[in-house]
Amino acid sequence: MTNVAALLMRDMRLAVRLGGGAPIGVLFFLIVVTLMPFALGPDLALLRRIGPAILWLGALLASLLALDRLFAADHEDGSLDLILMSRLPLEVTVAVKALAHWLTTGLPLVIAVPVLALFLDLEPRAMAAVALTLLVGTPALTCIGAMGAALAVTLRRGGLILAVLVLPLTIPVLIFGVAAANAAVVGPMPFGPPFTILCALSLISFVIGPFAAAAALRHGLD
Amino acid sequence: MTNVAALLMRDMRLAVRLGGGAPIGVLFFLIVVTLMPFALGPDLALLRRIGPAILWLGALLASLLALDRLFAADHEDGSLDLILMSRLPLEVTVAVKALAHWLTTGLPLVIAVPVLALFLDLEPRAMAAVALTLLVGTPALTCIGAMGAALAVTLRRGGLILAVLVLPLTIPVLIFGVAAANAAVVGPMPFGPPFTILCALSLISFVIGPFAAAAALRHGLD
Amino acid sequence: MTIIDLANPSRFLAFTARVLPWLVAATVCAFAVGLYLAALAPDDYQQGATVKIMFIHVPNAWLAMFCWTVMTVAALGTLVWRHPLADVAAKAAAPLGAAFTFLCLLTGSLWGRPMWGTYWVWDGRLTSVLVLFLMYLGVLALWRTVEDPSRAARAVAILTLVGAINLPIIKFSVDWWATLHQPASVLRLGGPTIHRSILVPLLVMGLAFMLLFLTLHLAAMRNEILRRRVRTLRLMQAQAGA
Amino acid sequence: MILDLGPYAGFIVVAYAAALAVVAALIAWIVADHRAQQRTLKDLEARGIGRRSAAKEVA
Amino acid sequence: MRLTASALTCVRSGREVFAGLDFSLVAGEALLVLGRNGAGKSSLLRVVAGLVRIAAGKLLLEGAAAELTLPEQSHYVGHQDAVKPALTVQENLAFWAQFLGGEAAAATDAALAAALDALDLAGLATLPAAYLSAGQRRRLALARLVAVRRPIWLLDEPTSALDAATQERLAGLMRGHLAGGGIILAATHGPIGLAATQELRLAGAAPSAGPPGPGDAA
Amino acid sequence: MRLTASALTCVRSGREVFAGLDFSLVAGEALLVLGRNGAGKSSLLRVVAGLVRIAAGKLLLEGAAAELTLPEQSHYVGHQDAVKPALTVQENLAFWAQFLGGEAAAATDAALAAALDALDLAGLATLPAAYLSAGQRRRLALARLVAVRRPIWLLDEPTSALDAATQERLAGLMRGHLAGGGIILAATHGPIGLAATQELRLAGAAPSAGPPGPGDAA
């Protein structure tokens, strides 16, 4: 237990010291949302319609921005060696690191939604729905990304792999996330179906992500 | 001259070998576009109307992806020390690195536009116009980003905080880029005026970006 | 490092100690007068009583931009003359600027509801001010995340200088883009266009808020100097402890 | 005296209240901060890390 | 406790680094791994640490905590220091102590203080590791050895960047560890102040990894 | 050519590392910078290299190419190797040769080959630097000294990770450089095989830069 806690604390501390942590995350999404009107014009109705999509893209970007360093940083300074040697099962380690990453990049977004909703003037129900989809979906993005990050560390051409193999995997999550959010915001389709699929996708990636990442790290040995 | 060429070659080679930014950027760009229909529903007219804006938003966010490593990598392995000591004026060095970065992440986006134009079914003229605006605008984004990257490295920071510092500064470019593109796609305003402003903005940032970045690196000394 | 760098801050501390009381007094008086005049001011023929919001909205708007200007000057001080007080001034101004910008946004949107029928529109003026607010937050984040003050100061300085381009954008956004927001009617070439009955209280309130800013800024700078002194002593202590 | 603020009294009151609140908050923060710094400075110097050494200050 | 390697072979990305390596260490013994640059010293240590797959041969640890694997009982101090610049010295060490030590070393600040003291870092505890000098970083890495107790130490050029005084301290620590029945494998180019030890000289490959030279245990 | 430092003071992020340092070197002289970990050796080299701002005092280079600054005429080999794992040995060296040498050393493959040879890397030329061993990386960093000719060498623990043979090679190179009228500043903890040299012992600080100790030139 101590070691899990220690790893979580340390990764979050690093995220906060290096990336600025949750407040910065919120600020980031605030800015991303502010960008939209400049691109799309002040048409609020339109903004409301694609607001959720933008939020989701912001989420994807945010998780990508920090993800490629998830293992690379530890690899470059030798920490990864010690992590591999530890008594903690590698899958757990990966999961914990992913969790720390999500807490510092995914969660802030969820927290920020109410603020952003104000700018896109979504009514409370819609806002809650969007926040809910993000709450369920962003961890999936992180887990999928973790897989890519692990590959990126072990293979010389990692970056490429990350892009070509992993990003496409995020598309279904994005699609159903946006679909569900939209259903809640503008309708007419019901919120339920896409949301359940989103949940399913997340669950799957929770399982696959850490295991795949751990496998990649192990076989990347040397 | 040799040293400029050498630096350019080396940075591009690294970008290609590591395959970090470029492919991820393009894929992110692709995802942005593919996602829009799901956000907006099958309303093609609307899609066409906001197509340029979407492309620009995508480009802006995508160009952020690789930026935070622009100087960080060289800083961590000590290369930056030697670069600072070289006879090449620091401003030039920064400009060259920015150019290399743009060639490997910005240019691919421009090249990708025709493909994406299909998704948003823009007719050739419009597509050409959008591509042109991006061709002129993305270098500006890179130069502004370079400044953020320099700040980030001297502060040993990265990830989101970089985006937070840089994004607000990119807004003018975004505004006029989209304005020009829209003028070409949907009219009615003429393409010329906003486009010339965009060019002006780019020129300005070509100047300010490298100087600010160089200043940041110099003052970050120690 | 040298005695001079210390001397300046400490001489500055003495200076603030002397000036602050007077500033406080002046501020209070100015607000008393200003609020009194504001209360008496006649309603606007089209905006009705809501025009009273202007008496805080506009001064805050001016201060929002003024704070960044102060920071910009301080930035030059930091980069060109490497003057420690410049760092302090910049750091002290940031939170104040953020607060005033926030008030400008808030009162503005409160005014917008009755006038325009909505709290928020994405027009040039409003959005550029929002961007200003975001940049304030960015600067604050930078100050907060970097432990070494002089290093942070230089970074923030560069950011501030570049960010200054936003000021003209804010100022002239009303003229560049078709917006709901009024064009300048006080700070404009060819003199103000508002009726005196409103102009006078507005200017007095403006003065009051300006005094308020000066007071708070001086006080904040004093705190900052003390904070750095504490930091230095802590370092000394760590070294002594070693 | 009682002001007649017309139909939008609410907005006006809220605006003024908000301004008051924010300014009050700023003042409170600055005063508290001042107290805190003074205190720490005091007990640091009490622990014999003299003002002299603060001459090494690098602001 | 006994650590035996028989016919150990290491292949890194297709290139054979060493082959047919044999050695055997009992509690209290140290093995100095010598050889020219590129001979395969670090590779050997990484093999023992389980960081490089064993291409052929066997590596056996007898008479130690049975439920733990060899890597889980080893400390590895490689060329890299595994120090995070953004964390303070204290935070860095505390993390590794808790992460490697688990419940055992759970955050007993006393232990940490002792470890920092042992490498003369006490005065720097609250300093961000970014400010450390090369040797101070190295010392922070070595502090792990003291903070968490593990029977097997794998040290890759442990004395690099250390000043004379600290090298002496380290030698003392290693002697203490051996006296306590530990095992040390150390790769080095110079003397590291250990008295009676086995030596393993890796013939190593020609610079352009030609035909693998068989290492021979001394 | 003469390099003089007078009352040199170095402050890093608010902490005084050393103060009032004086030394003076003429062509053909070497200065060994000694001192415990954290004494300020690397800081001094970085100050000379122009990588850390001079807090006080002066640093003067006379009788060298007038139009070039001190850093532009110096080679700096620090604790980090400035080697890109993704590039081959050849590519790494070629880049620095062209970037640092400018027109002069422009890609004369002969020069590169010579430099690689001088540090016994010829066999590894086509290997990705990611595969290099610690010492091989270090040698690649040192190869810059040979590939591009610059009068002043700033070497921070140049012998770390090098095997005995290579240390000898390096000593030879340094002697050659001095004989050719060059200047060397080398920070080190042990002997690096230079005969007659000045020594600068940094009293340094308590582990965390305490009261600045004035360095005294021997």
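First chain written, first letter: the chains are A, B, C, D, E and F, and each begins at residue 1.
We take it that a contact is a pair of C-beta atoms (placed from the backbone, for glycine too) under 8 Å apart; a residue touches a chain by one contact, two chains touch by 3 or more.
This is a predicted model, so every value here is computed, not measured.
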- Query: How many hops, at fewest, get you from subunit B to subunit D via touching chains?
  - Reply: 2
- Of B-E and A-E, the pair joined by more C-beta contact pairs is A-E
- By mean C-alpha coordinates, which chain is most distant from subunit C? E
- Query: If you fit subunit A onto subunit B using the CA atoms, what's the rotation angle, as a multiple of 5 degrees?
  - Reply: 175
- Chain of greatest Cα-centre distance to subunit A: F
- Query: Interface overlap for subunit E and subunit F, more than half of numbers shared or less than half: same or different?
  - Reply: same
- Where the CA atoms of subunit A average out and where those of subunit C average out, how many Å apart are those spots? 36
- Query: Which whole number of Å gives the spacing of the CA centres of subunit C and subunit F?
  - Reply: 49
- Query: If you average the CA atoms of subunit A and of subunit B, how many Å lie between those two points?
  - Reply: 23
- What is the distance in Å between the mean C-alpha positions of subunit E and subunit F? 29
- Which parts of subunit E, given as residue numbers and ranges, touch two or more other chains? 12-13, 79, 86, 122-124, 127
- Message: Where in subunit B do residues touch two or more of the other chains?
- Response: 17-18, 76, 156-157, 161, 164, 168, 171, 222
- For subunit D, what residues touch not just one other chain but two or more? 56, 58
- Message: Help me check something: in the complex, which residues belonging to subunit C touch subunit D?
- Response: 1, 3, 5-6, 9, 39, 43, 48-50, 52-53, 56-57, 60, 84-85, 87-88, 95-96, 99, 102-103, 106-107, 110-111, 113-114, 149-150, 212, 216, 219-220, 222-223, 225-230, 232-234, 236-237, 240
- Item | List of subunit F residues in touch with subunit B within their complex | 12-13, 46, 49-53, 68, 71-72, 74, 76, 78-84, 86-87, 91, 94-96, 98-103, 106-107
- Item | Contact footprint of subunit F on subunit E as seen in their complex | 12-13, 15, 35-39, 42, 79, 120-124, 127, 131-136, 139, 156-157, 160-166, 189-190, 206-208
- Query: Along subunit B, where are the residues that touch subunit C in the complex?
  - Reply: 147, 151, 154-155, 157, 161, 164-165, 168-169, 171-172, 208, 212, 215-216, 219-220, 222
- Quick one: which bits of subunit B touch subunit A in the complex? Just the residue numbers, please. 17-21, 23-24, 26-28, 31-32, 34-36, 38-40, 46, 50, 53-54, 56-57, 60-61, 64-65, 68, 76, 156-161, 163-164, 167-168, 171, 174-175, 178
